[in-house]
Every structure is written in structure tokens, then in C-alpha cells.
Amino acid sequence: MNKIVANVEEACEGIQDGMTLMIGGFGLCGIPENSISELVKLNVTGLTCISNNAGVDDFGLGLLLQKKQIKKMISSYVGENDEFERQMLSGELEVDLIPQGSLAERCRAGGAGIPAFFTPAGYGTEVAEGKEVREFDGKPHILESALTADFAIVKAWKGDTAGNLVFKGTARNFNPMMAMAGKITIAEVEELLEPGELNPNEIHTPGIFVQRIFQGKGYEKRIEQRTVRQK
Amino acid sequence: MALNKNEIAQRIAQELQSGWYVNLGIGIPTLVANYISKGIEVEFQSENGILGMGPFPFEGEEDADLINAGKQTITALPGAVYFDSATSFAMIRGQHVQLTVLGAMEVSETGDIANWKIPGKMVKGMGGAMDLVASADNIIVAMMHTNRAGESKLLKSCSLPLTGVGCVKKIVTNLAVLEVVKGGFKLLERAPGVSVEEIKAATEGTLIIEGDIPEMKL
Amino acid sequence: MALNKNEIAQRIAQELQSGWYVNLGIGIPTLVANYISKGIEVEFQSENGILGMGPFPFEGEEDADLINAGKQTITALPGAVYFDSATSFAMIRGQHVQLTVLGAMEVSETGDIANWKIPGKMVKGMGGAMDLVASADNIIVAMMHTNRAGESKLLKSCSLPLTGVGCVKKIVTNLAVLEVVKGGFKLLERAPGVSVEEIKAATEGTLIIEGDIPEMKL
Amino acid sequence: MNKIVANVEEACEGIQDGMTLMIGGFGLCGIPENSISELVKLNVTGLTCISNNAGVDDFGLGLLLQKKQIKKMISSYVGENDEFERQMLSGELEVDLIPQGSLAERCRAGGAGIPAFFTPAGYGTEVAEGKEVREFDGKPHILESALTADFAIVKAWKGDTAGNLVFKGTARNFNPMMAMAGKITIAEVEELLEPGELNPNEIHTPGIFVQRIFQGKGYEKRIEQRTVRQK
């Protein structure tokens, strides 16, 4: 099963104004840099972006914010971004804030055909407003629904032409669940391999969840908070 | 004398028990890792996807693919494991993490906590805090007893939008160690040299004082 | 002449399209893998945890840790991947598998299927069948048109306990290819040499016959 | 974090009559052979066993059935076992049959703090009896609840002293979800390693889900259906 596309242009074909996109990554870690650049180039607008964070002013999803391509962000935490703040406070940008665990589980649910599930997270807070509350074992929970996207765009360390993906370190984060939840899932990888080169025991995302895969290039992998100690 | 942030962290570190998995929030909680007693074996979980988090890397050894939930570069200890965000919150929601330490803007005497939103100010989001407080069996709040305006952060009821309801078990501030019990904040320990009266004055919520209140040992 | 089991499998194999992930049930469905046309690239999922299932191993190369859902020893093709049962059914329930082929004891004209339980007989369980039929967008039933007593298995409504409701899209039997449409079983193709009258006689449910019904090409 | 116990006897300490146990495996593939033998030796009775299958007459959970140690089986498929059939038909054994995907997801939910979720599997069948039905996107779903166990007993290929586990091939099956759902989870492994010997990117079950781990021995790994082709 060959999922390979020639380049980022081909990978992003069909992404249109007004679509809902899932974008993998946590902060600037594990984000699909090539595809984000291509979205800027395509200048698609009115996007709803589901991503744990919104990048920084000049990197990650911040690049799309600069060009006002995003209509709505669905995230758990959106600090570190002045342009984001300006657009949000001025009402140009809609923001839906979701507890991080609920965001991850809602993406997984979307990919796994689970339309809704109960979680204790957010009970008694404004997150619970309008949501069904039910007690289990004496503890109140709220009903959360699945999330899906027209396109999910993820970044992996290694991948093969069958779409199987392996992530590195904490760059895994939201990428595997989002890969499951995209109607079309695009994977960009640092290293693209032939079938059989990945050990089938060590694959994080089975290729069935991926529709298009390509060899990324020029990864900057910017570090948001460089913290070190002295030898 | 009131504790500084490092001393608050140091006092919280005394609560840790061998075999516990611990999630430390940003700010004072992060400092707790610096004060683990010898012989106490705990493992740190960071909700972005690592168990067995180690110290910051040496200069030049930073790996952009290895960060903590505060987006800081970190290292992994032997026996560490990486996982995705759904699995991470399965650990948290499923109560496999024995202790969560996090900061707060307000705590109520019934254990409510507010730490993510100030109306009228920029809202950055709750991150993983709502999952953490709703799930953890054992939550310690690390914070200053009063805010910059000198107002108590231990209240009858929270004025800010809540992060979680009835979930805080213990609070360690610059002035005191308190437990949330039926009826209010039970004073367990005073900071060295801080009087019960000073703590009373700094606490808006119901303060329960039973017998002599010992000083913390740091 | 009515088809034998291998010919039923051969006819079903014609339905497969390149790029599809396919789950084959036990019995006739398993035989479908033997008849994939050259140039059609599909991948087989087995719900116990493998994508990219290959043929049986050569004698002496069996691996107890590598089986299919029928508990048979198998092999893995290049590009295969192993996963746990929750992930496996995430693929199925999330409709990432394009085609499910399975056997049935009864099918109703509204697409209900019964294939797991006969009251009064030993019940072995539904295994993954209920998840498969409730989830798949595209389900083909492979079965004999009548049971051993000569009674039709294509019914107005099922008499046996159901496995799923309104889910069957297509049926390939030893006599015919039929589609479940509003109003009944639409006859698409006849087995070579089998007359429409014979199919009518063997079908208890409403049979919809429009125009000339072509013979299958095998 | 050291989860190691000396042997199977120590691993199974505390397992008592009337408890609910989850037992990993699919058919005879990936079952905790050492622990099952120990359960026979301990002769604990009145057990509720959650396991996808019930073994064969003289292997796997069939060994517990022979000694009438099991009061109730919660499984998706229980063929291949005459003694099972006899006990079930005579009413000695309670059997709760669950669709395989729902069984897997209910174990995961139990481990993940999700008390209930909606699934389409089983709607309109006797599995749905007494369960809430709700439509999502025009499609009816039923509400299924989480499963947990006093002890979960799993079998892995490799493990380290921190409890991290790696499975091999299709022997993974239900083991990872059950490991999540046990109040106490026991892991027996073919190869027990020191911390750091497993690549942290390649671990299937993080050690946090495992309370006790030991080096298993004498694995028979019986094959249920030996199917081969000729060279």
C-alpha cells in the first residue's frame, strides 16, 4: 500500500478555505514544519485549527495567525504569542479552550469511532457549561464528544511508504491521535523508509491511519525554552 | 519568617513517598524535584509524554524532541518511557499518578481551586490542569498565602473561574501547611517564626486550629 | 451451476479495490485472499492485532506469537505492523477498514445479520463480529443461499438473535449476487447457469428484479 | 522505581477467592502461563475472569476451569473448550459475552479513568439490553461502561525492572489495556532487563501501569491452529 506523495505541495492538495485541520505538536515540539509553511504559501483562510498550542509569533501556527488565516483555534493552552492575544482580544479570532487530556481523548475518540465519553475533567467549571453531567461511583463526570478534521497533519521521525510512523521522544505528543482523526491524514517525516525497514513491533501509528506521506526537509526544530545546566 | 519559594518546595518534597509517580506543575512545583530526600525513589511524569524525567541537559546536549510540559529542554533517566498525550492523560485520569503538585490563584475551604483564568485578562488556557485536578487522588497546592495586593488566596469560596471542584487536599504556602477538611482549612504547621495570629489574619476562609500548631521542619 | 465456496470467494475478490484495508472473517471469507487480481493492492487486517497479514508460514517456521483471529499461524508481509486490541478496534469502529467480508446464518431484507447464536445450542460468542458489522461502511456477506435443510437464509426478517441491524450492503451466495436496497434484496447477478426462477424459489425475503439479470463472470 | 518480585509466588500474593482478574492473551497467544499455573496451585476459587477467550481444555484458563476455580467468565469468544461448555450448559459457570472491540475499549477505559463511552457495536442485539441508546450523526450507539480488576495479569516479551513492557507480534493483543485496568498489575516476561536497556521510544506499556514484574520460565507457547504451507 503506497501512501507516498512527491512533496509538500502534493501532500496538501485539497486543503481549502474554511476547513478544519488538526495539527500535531506540543509547543514547537513535533510540529509539521513543512506543511505549515505550505499552508502559509497556499494562503487558505477561515481555518479552524485543532492543535494543543498556537505556536509563537514567528514560528509554528503563529505563521498562519500572522496572515490571519485562522478563524478559530481549538487548543488547551495558547500563551507565548502576542499576535494571537491581539486577535483574540479584538474578537477577530475565536478560541475554544479544552482541557489537554480531554483534547487528546476527543481526538482519539474521533479516530476510534467513539462519538462521546465521560470524563471528570472540567466538572464544575465553565468547560462543563451546556454539557451533560452524570455521576459514576459518586463522582460527577461530563460528557465530551469526539473531534475529527478534514485534514490531520502530523510530523514523525521515521515513516515508511505504507504510512507507518515512528515518533521520537516527546515529539510524539498529539500526533498519533490526530493521525487517527483526520478524514485525510498527511504525515511528514524526517526519514522515509521502504516497507519492512521499520520493525513491525516498534511502529507507533499504523499506516492505515495515514493517507499521504512525504519526506520533509530543512527542519529547524526550534526550542521554545532552552534550559541547561553546567558541566 | 515566611518561607521563600524554594523552602515551600522543600516542605512539599517531604510529602513524597517512595514508589510514587509525581506530576509537578510549572513554577514552585517544579522546584520540588530539587529537594527529594535520599532514599526516596519517585518518578516524574510530564503530561506532554514522558515518565522518568531527568534534570536539564548539559549545555550543547539539548534535544528539541525532548521537552517537559513547560516546554523546557530536559533529559530522560534510565528506565524512562515516552508516550502520546492520550496515554499520558490515561495515566492521570486513571489515577496512576500518586501526587500532583500545582500552583493556584485561589483555593476555597471546600477544596475548589482557581488557577487558569482572570476575567478581563488574557486567557492562556487551562492546559492539563483541569484533567490533573479532577483526577488526582492527592493534590498539593503550592502558593503564596496572599496575593500581591496582600489579599488572602485561601477563601470561603473562589471568586475566579474554577479549575476544579472539591479536589485540593493539602496546601503549602509561605506561611503554613494546611489540610482541607470538612468545615475549612485545618492548620497543620506554621512556617518557622510565623504565629498562628499572622496565619489567621492572612486567611479569609474558615481556619480550624486544634491544639498546639507545630513549626515546620525544613 | 451453483458456485462452490471457492467460487463465492473468487466473485467477492472482484469487489476489492486498490488501496483498501480488508478484514476477512473465518470460513469462506478467508478464501478471498487467494483470488486477488494482479494489480489490485489491498492489505489484510486481522482484529487480534496485525495489518499486512501474509500467507501461512512454511513448515517449521511457525511462530506462536504470530497468529490471525482464527488462531492460525500466519506470516507478516514487509510493511506490516502489530498493535493492541483497542487500537485494532479503533481501526474498525473508526471506519478505517474499507471492507469487511463475513459469513452469516441469516440476512434480512433490511440488512440485519445473524451469525453468532442459535438458541438452545452452545453459544461460543460474537468475537469481533458485532464491532465489525456495526462499524463497517461496506460489508459483504459470503454464504450459501439456503441452509442444510434447504431453507432460505435471505429472509424478510431474521429469526435468530441478531449480530447487527441494517448493516449488510451486499451478499454473495452460491446462487447470486444481491444488494440490500430499500424494499428488499436487489438481484444483481446470477451464478452461471442458475435461473432467476431458481433464485426466487430460494429467497424468502422480497427479491427485486429489474431488467435482465446478467450471469457472474468468474 | 523497582517493581521486581522474586518469582511467580510472590507476584501472585494477595490473590484471593472471589476476586476479579483480567488475564491477557488472545486464544493461547500471549497468555501469562506462569501465573495461570500458580493460580491453579493456589486453588483460589469463585474467580471472575475477564479474558478474551477461555483457553482450551488442558491449557490456558482451561486449567482453572478443570478445577472449577472460575465462577464467571467475561469474554468475547469461548469455543474450543469442552469443559467450559459442560459447565456453562449445566449452569455452574456464568458467562458474560461482550463484543471483542467493546471488551478491549472497556478495559482501556477502566485504566484511563473513562467511566463510560458510546459505541455502535451491539446496538439492536441482546448485548444492548438494558443499556442506554443514543443517536450520534443519525446512527444509534449504546453506552458501555469501564471494566477494572483486582489483579490484571499480563505476559510480555521483554520488560525492565521499572515495569516497562514490550510485546512481540500478535501476542500483544489485550495485554496493554488490561495492564492499565488492574488495581494491581502483574507482568511476567520472557526477558527481564535493567532500566535503560529498553529504548524509551519502543515501550508499549509504560511501567506506571505495572506493580509487579518477574522473569517467567518454561514457556510452552502452545499453538492452537498450526497452519503451514509447503515450500
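Descriptive notes on the structure:
Which chain is which? They are A, B, C and D, in the order written, and residues in each are numbered from 1.
Methods note: a residue touches a chain if its C-beta (ideal position, glycine included) is under 8 Å from a C-beta of that chain, and two chains touch if they have at least 3 such contacts.
Keep in mind that this is a model prediction, so the values were computed, not measured.
Note on connectivity: the fewest chain-to-chain touch steps from subunit B to subunit C number 2. Centre to centre, using the average C-alpha position, subunit A and subunit B are separated by 28 Å. Between the Cα centres of subunit B and subunit D there is a gap of 36 Å.
Centres computed as Cα averages put subunit A at a distance of 33 Å from subunit D.
The set of subunit B residues that touch two or more partner chains comprises 50, 76, 82-83, 86, 89, 92-93, 135.
Counting partner chains per residue, subunit A shows two or more touched chains at residues 105, 108, 112-114, 119-120, 167-169, 200-201. Across the assembly, chains come into contact as A-B, A-C, A-D, B-D, C-D. Looking at the complex, you find that subunit A touches subunit C at residues 1-2, 108, 110-114, 160-162, 164, 180, 194-196, 198, 200-201, 203, 206-209.
Across the complex, subunit D is touched by residues 46-50, 55-74, 76, 82-86, 88-89, 92-93, 112, 122-131, 134-135, 161-166 of subunit C. By the touch criterion stated above, subunit D contacts subunit A in their complex at residues 105, 109, 112-120, 134, 136-137, 141, 145, 166-169, 200-202.
The touching residues of subunit B, counted against subunit D in their complex, run 19, 21, 41-43, 45, 50-52, 76-83, 86-87, 89-97, 135. The residues of subunit A lying in touch with subunit B in their complex are 26-30, 52, 75-79, 85, 88-89, 95, 97, 99-105, 107-108, 119-127, 157, 167-177, 204, 221-231.
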